[in-house]
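For reference, the structures are reproduced in the following blocks.
Consider the two complexes below, in which chain A is the common component and chain B and chain C are the respective partners.
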Partner chain A sequence: MSVTAAPAHVRPPEPRPSAWIAWVASARAWLFLALLVAGFEVWAQTSFQATFIGNIFNIRSIAVFAVAPLLLAIGQTFVIISGGIDLSVGFTMGLAAVVVSHVANLATPVIGDVPGLIVACAAAIGVSIIPGLVNGFLIAWLRVPPFIGTLGMFGVARGVAFLLAGGTTVPVSNDALSYLGNGSIAGFPVVVLLTIAAMLVLHYLLGQTRFGQYVYAIGGNRAATVRAGINVRGVTLRIYVLSAVCAGIGGILYAGRFSAGAAQAGEPLLLDSIAAVVIGGASLFGGSGTIVGTLIGALIVAVIQYGLVFIDVEAFWQFVVVGVVIIISVLVDQSQRKGGRVDE
Partner chain B sequence: MSENGAVLLEARKISKRFGGVHALEDVDFRLHAGEVVALAGDNGAGKSTLIKIISGVFPPDSGEIAFQGEQIALANPQDARTRGIETIYQDLALADNLDVGANVFLGREPMTRRFGLPVIDRRRMRQEAARTLDTLDIGLDRLDRPVRALSGGQRQCVAIGRALHWQARVMIMDEPTAALGVPEQRKVLALIHSLKARGVGIIFISHNLQDIFAASDRIVVLRRGVNAGERATADANPDEVVRMMVG
Partner chain C sequence: MKKLLSAAVAVLALGVLATGEAQARKVTIALIPGLTTDAFYITMHKGAQAAADALGDTLTFQGAPDFNPVTQVPVLDAVIARHPDVILIAPTDKVQLIQPLKKAIEAGIKVITVDTFIGTGKYQTGAGDADFPLSYVASDNILGGQIAARALAKSIGGKGKVYVSNVKPGVSTTDQREEGFKSELKNYPGITVLETQFNDDDANKAASQLQSVLARNPDLAGVFGANLFSALGSANGVKQAGATGKVRVAAFDAPKAIVEPLKKGLVDIAIAQHPAEIGYFGVVAAHAVINGQSIPTAIGTGFTVMTRENIDEPAINQFLYSD
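Our next item is the complex of A and B:
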């Protein structure tokens, strides 16, 4: 029994990436966004002698475009950092859009626009919390894999939303609600301002509070987090409820913007929201990610989508491009894992 | 060190059965302040069952545990930790994606206020973690990097530093030197000596007899759930210990 021969399982020193590679890795989302914008700008200038990004209408459109995926994505950021995934957000959003429309239609004639909106929003948020609670319970207590648990809730929320909507869209008439969806303050769309506010709150929660710290810790090492005496189940439950509430807010803003609630309101946004999170630098293995990164990711997705429309590419290509970008982002993340992680 | 020699932890006539299997039967165990006791035994000897009882993972079927002269019943591992009985696990210890300060303070983050909002005081976590690690002579160049950038031995040291920071009186180390390179093993053994000097009692589980002899003051051997003997390390020789282990 000799200790002079180094055992075979000695951990090799991890390679230290050089500073500029680390910088590129941490700034890759910014760089990608800048390249995209530059690319569309060049295309617009050469093809139709117009400016892409210099046009305030385009910027506004991209911002409004980015709002719904971003709302889902900031909640999804917490989920993904904790090592999970929430596939149910799209239909939770649809459910909230349907509920807010129904309740606003019932309440507005009785108590007026603003109180009607408040009641409708409370109902929509209240209902959207339910899938979050179920997800959190399944994942934290019953240890159902997040992918499966939230896939089940995807089906349930979808079915219930279509049932409540009677299989169709629910028109809503409430002036306060359509102000939320279409109004603007000093030139800034209300939806954008509300989304910025939600983003700031979540940025604070994730970066500055114990809750946020434990979200990272769970994603980094769940067992160590349990051992540190942290109520991991409670934190996990709150993560999924937070994600569902973000989706609920997204549903309310959708109903405001289109004056109608639709069960399929958030259907295409699941892909966009996960794309925003992983493009923004979060790892699907958990443990890393930021709200700022997710913001950039959501802007990238919105620029791709809006830019493709702008340069007259068939709309369905958007899905193809966003899907490819997700895969590339995950590949980049994996390759970094192998070579010792550099981003944080 | 005035506390040296005082009995820190005493387990008397501990028995534990799992189904029909006697994992432990009337096992006695004693640990003094500033003492390193190596717990030796073959697989299935009951080492980990005893450790789990001492660290609150499950209660004994019979027998009692006294800690600092007071009879205790541990409800769960958290209870043991708050009393100052810490278990250092090789892999379960740290969240790789957090920095050293965040790991040392995990679950007990100090808060401060910024712009009227309560925020985690990261600077304080880093400074206090650095101070604790310094007193243990654990030199880390960067405390603001995720601990995944650290070597296995450095992580082990951070885990031990965390336990010490939170006033652990008893540290249970399960194979603390496994999976470490030789210089790292030395570092951990040196750290154990430094903890000893502070009056911490250490229960040291290892399969490596050389480490056991290098680090411990006393060797307690279990065999098939019963006390098989114990020796002061200075008076023991490896062959004798192996004989006690295998019977």
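Our next item is the complex of A and C:
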């Protein structure tokens, strides 16, 4: 995971106040992550003479743990920067996991593992686009508040996923899919490599393209963006479709990893993914946030949860610590807002 | 006089008819599962339906999509409003469902709990405020935990470190599995039980926890997944760590998704409950009560231990939960 870009890359082409604040937040997040890792390392060294971060097994485990919430979070980053929120991603992920399992089970005996996987992935991505389109339409054209529109889609996607799954967990048997979920290339788990690839693409989209600039613009000041003649509706639609596709990829990887299409696969990940985006410096009011920030946020959430088990903290304290970290992050976010936010 | 006689005969006949009807009274039964989206409860529903068909009773199946009192109570209220004779319910919390179920009793509806329980699970004792259900029909989850402990202890040769991967605290059944598992392992001095890890029913988290516990305890020998996602997640953690065969995985519950992991050796042992049996005897108990029979306050149903070796035998795999 350390191959990702340095914070300097984060800056979108034209520095604007909100982007600068995001950079500061992202740097803070780096610092926080480093402190966390150092804390666990010291604890491990002093209390049971082991290394936390020096153990490659720990790093790999944390990376694999972080990918599922991270896939939801990078799509969510676009949504949150644009001033919205997507509550439906968890069940869109579950829907994709169920669809990929069903289609793989149907197609694999007929056309083999790899073609079966391709067909199944295409079907899963295709299906996961639908909630994204509906969300985008509701929010951009009908002006439904994102919180409500995507909450409705949360219910619909959940219901459809469970209906398709027959109310249970669909076992899936396809070696290529299993390889996606559990294989590794030169010691790097495939799920991690795929997630890094997706992250780089989204990082480029957000930071280096006109589309990315529009996302910031909509979140910063929607009315001004409309007056500037930008197709805000079209951009909003694409933002929610992007979020849904990320969730769909998450669902495919889940089905590969656990050989099971579970409709509830993404349910527990929704809050972790939003937490990752916010801890990573994005503002829930829109206009700021970066993919690298979200990466750090997801790593912080994963490192805390993994590290607390590693140093053998009692389960109930784990809940408390994770909650406290989220609160601290939001407080930091707010103090930045008071300090320097300038609306364009 | 003749008229009077025939009237008397008619009344008598009516009376006989009426008592005849009472003896085979059709019972309306509402089954409220812990959640509707789970193969375990779907299989329970099938067993219940089979009994209802055999006895000529009417069965409805209504529940919430997740295992949560907040969503289960409104369903329960709606069912009470429909006024069935008996409610068979898998309460989603030992405490939070007590007051809502009292409303059913006040409405004259009999309550039997299936799979999970309220209060202590000891009913009709006159003690406490949650002894009012007539019967508790379920697998003995403490026994199930003990069976899992014995099977896991055997597969790790009676020594090493193990831990329980559990869903969340406060769920009667999974708490009992853990309790049974830990109490049975006290009989194995060579086995150390580590701190329980709670995964919120998230396989991803269960996998990560397994890897963290293993990183801390390289001599980890086994894990007991107290439900499907705990077990699937732990098994994946073992696989990702390259420790398949070194860390043994015991799974509680046996939906079809457990078959592949069993055959591939990712999961070593699966403890199957008999949910169809729970549903069947729940309905039979409901029918008996409404027709004036007494019923036991607890009805215990069985378990089947599944392994890679026996999973293909029809006598074993008939207990996989069907959808």
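Methods note: the second predicted complex is superposed on the first by the 303 of 344 C-alpha atoms of A that agree within 3 Å, B and C clash if a C-alpha of one lies under 4 Å from a C-alpha of the other, contacts with A are read in each partner's own complex, and residues count from 1 in each chain.
FYI, a residue touches a chain if its C-beta (ideal position, glycine included) is under 8 Å from a C-beta of that chain, and two chains touch if they have at least 3 such contacts.
Just so you know, these numbers come straight off a predicted model, no measurement behind them.
In the superposed pair of complexes, A:228 makes contact with chain B only, with no contact to chain C.
Contact with chain C, but none with chain B, is seen for A:58 once the two complexes are overlaid on the shared chain.
Ranking chain B and chain C by residues of chain A touched puts C first. Contacts of A:220 after superposition on the shared chain: chain B is touched, whereas chain C is not. In the superposed pair of complexes, A:259 makes contact with chain C only, with no contact to chain B.
Residue contacts after overlaying the shared chain place A:202 against neither chain B nor chain C.
On the side of chain A, the complex with chain B involves touching residues 1-4, 6-7, 9-11, 13-14, 204, 208-210, 213, 216-217, 219-221, 223-225, 227-230, 287-288, 340-341, 344. Interface residues of chain C, counted against chain A in their complex, comprise 36-39, 42, 65-66, 169, 195-198, 200-205, 207-209, 211-213, 215-216, 228-229, 232-233, 236-237, 239-241, 255-257, 259-261, 321, 323.
Looking at the complex, you find that chain B touches chain A at residues 77-78, 81, 89, 92-98, 102, 106-107, 109, 111, 114, 117-120, 146, 148-149, 151-152, 179-182, 185, 208-211. Partner chain C is touched in their complex by these residues of chain A: 48, 50, 55, 57-58, 60-62, 64-65, 68-69, 158-159, 162, 165-171, 173, 182, 189, 254, 257-260, 262-265, 267-269, 302, 305-307, 309-312, 314-316, 318.
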